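Same chain, two partners: chain A is paired with chain B first, then with chain C.
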Partner chain A sequence: MGRVVRGRRPDLNTRERVGQALHQRIRALYEVVVGPAALADDSDASAARMLQEVLDEAERDGGSGVLWAAIAAVSTVYPDETRMLEAQRARHSMSRDRYFLWFLSWSARIATLEGSPWRPVQFVVDSVLVDVDRCARYNRHTGIQRVVRETIPRWYGNRSVTLARWDFESHAYESLPPEDEDRVLRWGQVPKQSEALHLDDEHREEPLFVPHRSRVVLPEVASHEQNRLIQALGRYSSNRVAAIGYDCIPLTSPDMMPRPGGTEFLSYMAAIREAELVAGISVAATAEFRGYFQAVAAQGGHVPTVIECELAVDAGPASNSSTPDHADPTIVVVGSHEPRKNHLAILHASERLWREGLRFRLDFYGSPGFSDGFDEQVHLLAKRGRPVAVHVGVDDTTLWAAYRSARFSVFPSLHEGYGLPVSESIASGTPVVTTDYGSTREIAERGGALTIDPRDDAALEDAMKRLLVDDALLDRLRQECASLVPRSWQQYADELWDLVTREAAA
Partner chain B sequence: MRRVGSKTRRLLLSRLPVLMDALGATAAPSMGALRGIIGSASREELWLTAAVLTATLPEGGLVRRLRRLQDLGDLNDALAVLLESVAEAKAPGRRVEVLIGVPVLDLHGSLTGRRIGDSEEVARTLTSHAPADVVQVRWTAEHDALVRLDAEDDQAVLVPWKSSYLVPDLVDQVDRAARAHTLFVFSGNRCFGVGYGVGPLTFSELFPEHGLEKEVSSPRYSWNMAVLRASAGVLAVSATAEAELRGWFAMLNALGVEGPPIHLEPLGLEPADVPNASADGPLRVLVLGRDAAGADLPTVVAALDRLAADGVEVVAHLGDPGAEPSLAQHPAFIADDREGDEPVDAVIHMAPYSTHSLGLDRAIAAGIPAVVAETGYGLEWRGRTGVRAVPMHDEVGLAEAIGSLARARGQERPVHPGFRSPAEYARSVWSIVTS
Partner chain C sequence: MVQSPERASDSIDDLKAEQIRLWTEYVADTREAIDENRQLVLDLKQTLSWRVTRPLRAVRGAGRAR
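Right, the complex of A and B next:
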């Protein structure tokens, strides 16, 4: 059960208060677009003059960045493409004076019906704004969240970074409350907070962020509503958007995903289509995103630059390897139980090896995914007395101990953006059998691994058998593991920062 | 595995002769004979076995499971899995016919009314000019098996074997696509699809009906692409579609597959005999497209408003009666009540996304000037005589282009680039599919 955060409800009936907020927003807009505003002049006439000057500048500007900022600041709702086109068409079809009146009433209507007219804005100018919405709000901590929580704190300490989440209606960025900031910056260092229900978020009074001439970094996959606005932010605003490209699995492998799935990912890809840069987490993920943008480019428009910035892996918390309470060697399998992970192939190969008389334990670590018969097959093998076990919800210490005490691990996934369990196994000194293509192959080529075609059951069985019976081979692979220096999170964070902040992507 | 009753066994045995006949097996139909078949079957034969005995097209999980049980030598377990699948299929009244060595044309997508680009016309053309022995099929109401297109019920199901199989439109209903995907991957039939590009996955905001709905039953274009990914070849409708597909298939390296060959096969045109354009009176323009991806009616409306304000007389006809209703009511438009052979002075193709437009092709073939958006298929025509290209969403540029057409009426006609006929198109496609 989550926690309800109660905030103070603003007195929305106070026209004066809403008016003051509007004046503040126009003044902030003016100061960013035109220059310092005259002091102590809060009159409507002054605000009107400032807005008119901003709209004039938007027209002189030739681009759309000032117009985007004006709509965002005055209405408190980032514009989507439809609104940007509507505003541009209105300017083309109206006189200067008429357009001013139209813009003011149009923006006020949006603010009243959809936005937060009582809230001020804070411009984030010539800086870096990082959208950490999901990591801030929720306690989920798997692949993407691990990347965010390892990387962003390393930026935050010594660089100018603004962390942002989306407001209650997903209309604009806002600052993080302290408990949300803890979830991003101090994960594992402070007691885990329960997730708030955020029922009172709609009444927050803190300023909304309006990024201007900044880098907006997307290390997560945003929601559908947010993506619509991010898309227009990338296309029309003065900001440059950079995203981490994890994989395109929901697009190219729907047959390995829950049905129907993938709706948010579709709009996410449409949003990052307008980015300047996508940093792929592996060579394979980079190639995947390049292929996607190659398809986009056939329509003739802008596409982002895609550059590889390989993920890091840590060596796990220091601990002594646990001593197995059994004599047989253990094979470890890490990953959620879903068709893409190919766990049925592992069970099949293991059964053949058990029938051959080989002795080993098979331990799965990972969260339940969706059914492809995995649970039933494990149950069947266990009933036959096979030493197979499924461990759910274990902590990091247990997981690393499992890696270290295993004879080897197996990760024959059919589609991965990176394949963290391969890196982790090697970093813990344990050889791994993995897929001979894509990102897992990239990792395996450095040593410590055997690669196989994951669709070839016989090849998987053969590789597992070799590592069970061939001590010399296992020792060689262990030495390879030991000789590899894992790429650190600091390296990853530094390289990613350099990429997203450089002036123009190559 | 759960127990199945004697009824299920009888049902399985009743279909076994059909399977044995298709495989050329000579033994008497029995569970022992079936056990023998499973023990030595290839992967494709296991797919056929599952399809015939369950009277459905199986999903991949069943074929893989049978294959692994065969590999372990657990043939009794494989028989049990088959019996269980027969029971689960809930198709006791179905009869099975195996289609051996014939071209099969899957027209189910056309029956659903769902379309993308010119898929209706593609399906119609490939049907009209199909080989004599083609079998036209649709899927059952449950999306689990094929029946003849004109079948009155879903009881006589078809299983293609050593055949060629062509999907001219979409396979994006998830349950149907999952089985079609297995058919393409495991069956050994030579399966082909028509490639319209990947717009619903790259410009999803323009195709909300192709994947953004969250209902479980909603179609998913990603599934259509998953089916094509496993095909023996994709027939691209244009160079733009081909370029999109090449990008898409480049993504498949991450799955360890290369993607199928792409054949550029643009749709053909019937020769049109169009009267000369009018010399005076309002400029008559035909606006192509019907939806967000295909028409960009807001931009067209804004341009027509500008022209009206400038005193340029333009009568705009909507080329598609299904065009966005709210904008179709705008006074700038009149319903498309033209007679079929009545000329227009120009066509407008402002699609923000396109890989092909039969309407544009027809206009150009008839020598009618066009204004196109500088995107997708419009780019294929940019720079040609009689074709004006303007940036996407640019109502000012569009108004200027229409205005210049009004001033230069009759002086510019596109050069006919020599379209092939629909029959030539179909002949070329069928030759690839059946070779």
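Right, the complex of A and C next:
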């Protein structure tokens, strides 16, 4: 909204803008729900007639999809469950005409206090809308972001897909500005943009999206505020929601999280409970989601179908530049530094092997997580002259060069949804020591890996020692790595697309 | 006075059209008022900040001079 000079009557232009946008939204809603609207009739009487017909259709419809779309379009705020129930109950307690007046005054309050009433809407009908909010806004590039940035560009090229982020106050979906689109579709191909502060987002005038009879795909984990609206979108709108199920770590291993039992994750689980499909990224992740939904089904209601769609890995970009050539073999560890990744156990095992006289370098690659004493321990070892280094914020080319030049990698994580560093190491031809359960075991069972109990320090130390001293074992594992054909991101993208767009089972 | 059904329907339709107009006015005017108040609060914060911090700076400056 434009600034006003104090003491003046409200600027007529603001009324005009808001009025024109309301007319556009009602017309768009009418055309989606009822049919083509009469041309060139922008009168209030015409808007009232169209809205009345939409509300009549909402009642005839029997479901709640038209009502959800009407609230979203008129108020510019997707309704949550409370508002859906309020609107449904109001209709059942008053006459048709009185309900019309109630609906308008009710939606006016919502639009005023929470919405963007100057913005038009664009209905996304019989299509696929993908929520890429966090990948679009931020430069973080770890597990989930890598999946999104490998998968969605492969959809975008030759399929009808609408990319969406949440608006300034997370009340509705909107289009991506060019720099946000680059972060999703052209990551690594164009120079990295700074994360804009998005101060101007509040004043964006581009249309808000209202999905209708579409698939809404959630390849990320949404925030609490968004989850409230996604939950109602899944339950009441005419859209079908599909999500990628990464893991249930905050639920099943809260002790390994910075904030145990985070309510944000619980709200995410409540939201995707309303989905039609959750595509688990591994057998283990699929089992976790199925188990959760089985538990909540005890209280009745809908639960989604959970199907495994295993993640992929590419062999990574070839590199002209190589990592520094050290006389001693290098062990590579990839992953953010947090207790779940078990990096302290690796430092402990390494120190014992160094004391034994074995010579090797230890290189960590990954972003800082939250403190578990890792930084202090690395500092201590480095002061003792141990060859240990931590690399932060490296690009993909450097990372792949590190995998390829390593003797082996270590990934004894305590809880994973998948474990990309395991499959990446194997895809680059480098054997890996990893956890003997869950998703990492699924990957390791195909070859190229030694598995250990990650809570057994002696087992970890023994496996690392074997791969440092036993050249025959290392060669055998390298041959296993070379013989494996990695599952490509194209395969993953195609299979996921087929899953999320397939017709619901009768 | 008894109104014919057509006239009654007309007046209801007029009322609904009027409600659309009122929606626009209410939302536009209230949003402007909210924006104006937000600006007032920002101005007030800035004024208060000056009124409080300028004398404080003067006191600190005097302290250093001694």
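Criterion: the second predicted complex is superposed on the first by the 481 of 506 C-alpha atoms of A that agree within 3 Å, B and C clash if a C-alpha of one lies under 4 Å from a C-alpha of the other, contacts with A are read in each partner's own complex, and residues count from 1 in each chain.
We adopt the following convention: a residue touches a chain if its C-beta (ideal position, glycine included) is under 8 Å from a C-beta of that chain, and two chains touch if they have at least 3 such contacts.
Small disclaimer: the values here were computed from a predicted structure and weren't measured.
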Joint occupancy of chain A by chain B and chain C, clash or fit: fit
Which superposed partner A:Arg60 touches (first chain B, second chain C, both, neither): neither
Which of chain B and chain C A:Ala284 touches, first, second, both or neither: first
If touched residues of chain A are counted for chain B and for chain C, the larger one: B
First (chain B), second (chain C), both or neither touched by A:Ala297: first
Partner chain(s) touched by A:Ser267 [first = chain B, second = chain C, both, neither]: first
Touched partner set for A:Lys383, first chain B, second chain C, both or neither: neither
Chain B versus chain C as contact partner of A:Leu344, first or second or both or neither: first
Chain B and chain C, minimum CA distance [Å, superposed model]: 25
Interfacial residue positions of chain B with respect to chain A in the complex: 60-61, 64-65, 68, 71-72, 174, 178, 181, 197-199, 201-205, 211-218, 220, 222-223, 225-226, 229, 240-241, 243-256, 298-299, 302, 305-306, 309, 353, 355, 374-376, 379, 392-393, 395-396
Contact set on chain A toward chain C in their complex: 1, 3-4, 6, 10-11, 14-15, 17-19, 22, 43-45, 47-49, 51-52, 97, 100-101, 104-105, 107-108, 111-112, 117
Interfacial residue positions of chain A with respect to chain B in the complex: 81, 85, 89, 92-93, 224, 228, 231, 247-248, 250-255, 259-260, 262-263, 266-267, 269-270, 273, 284-285, 287-288, 290-301, 339, 344, 348, 351-352, 355, 372-373, 414-417, 435-439, 453-455, 457
Partner chain A, residues of chain C touching it in the complex: 12-36, 39-40
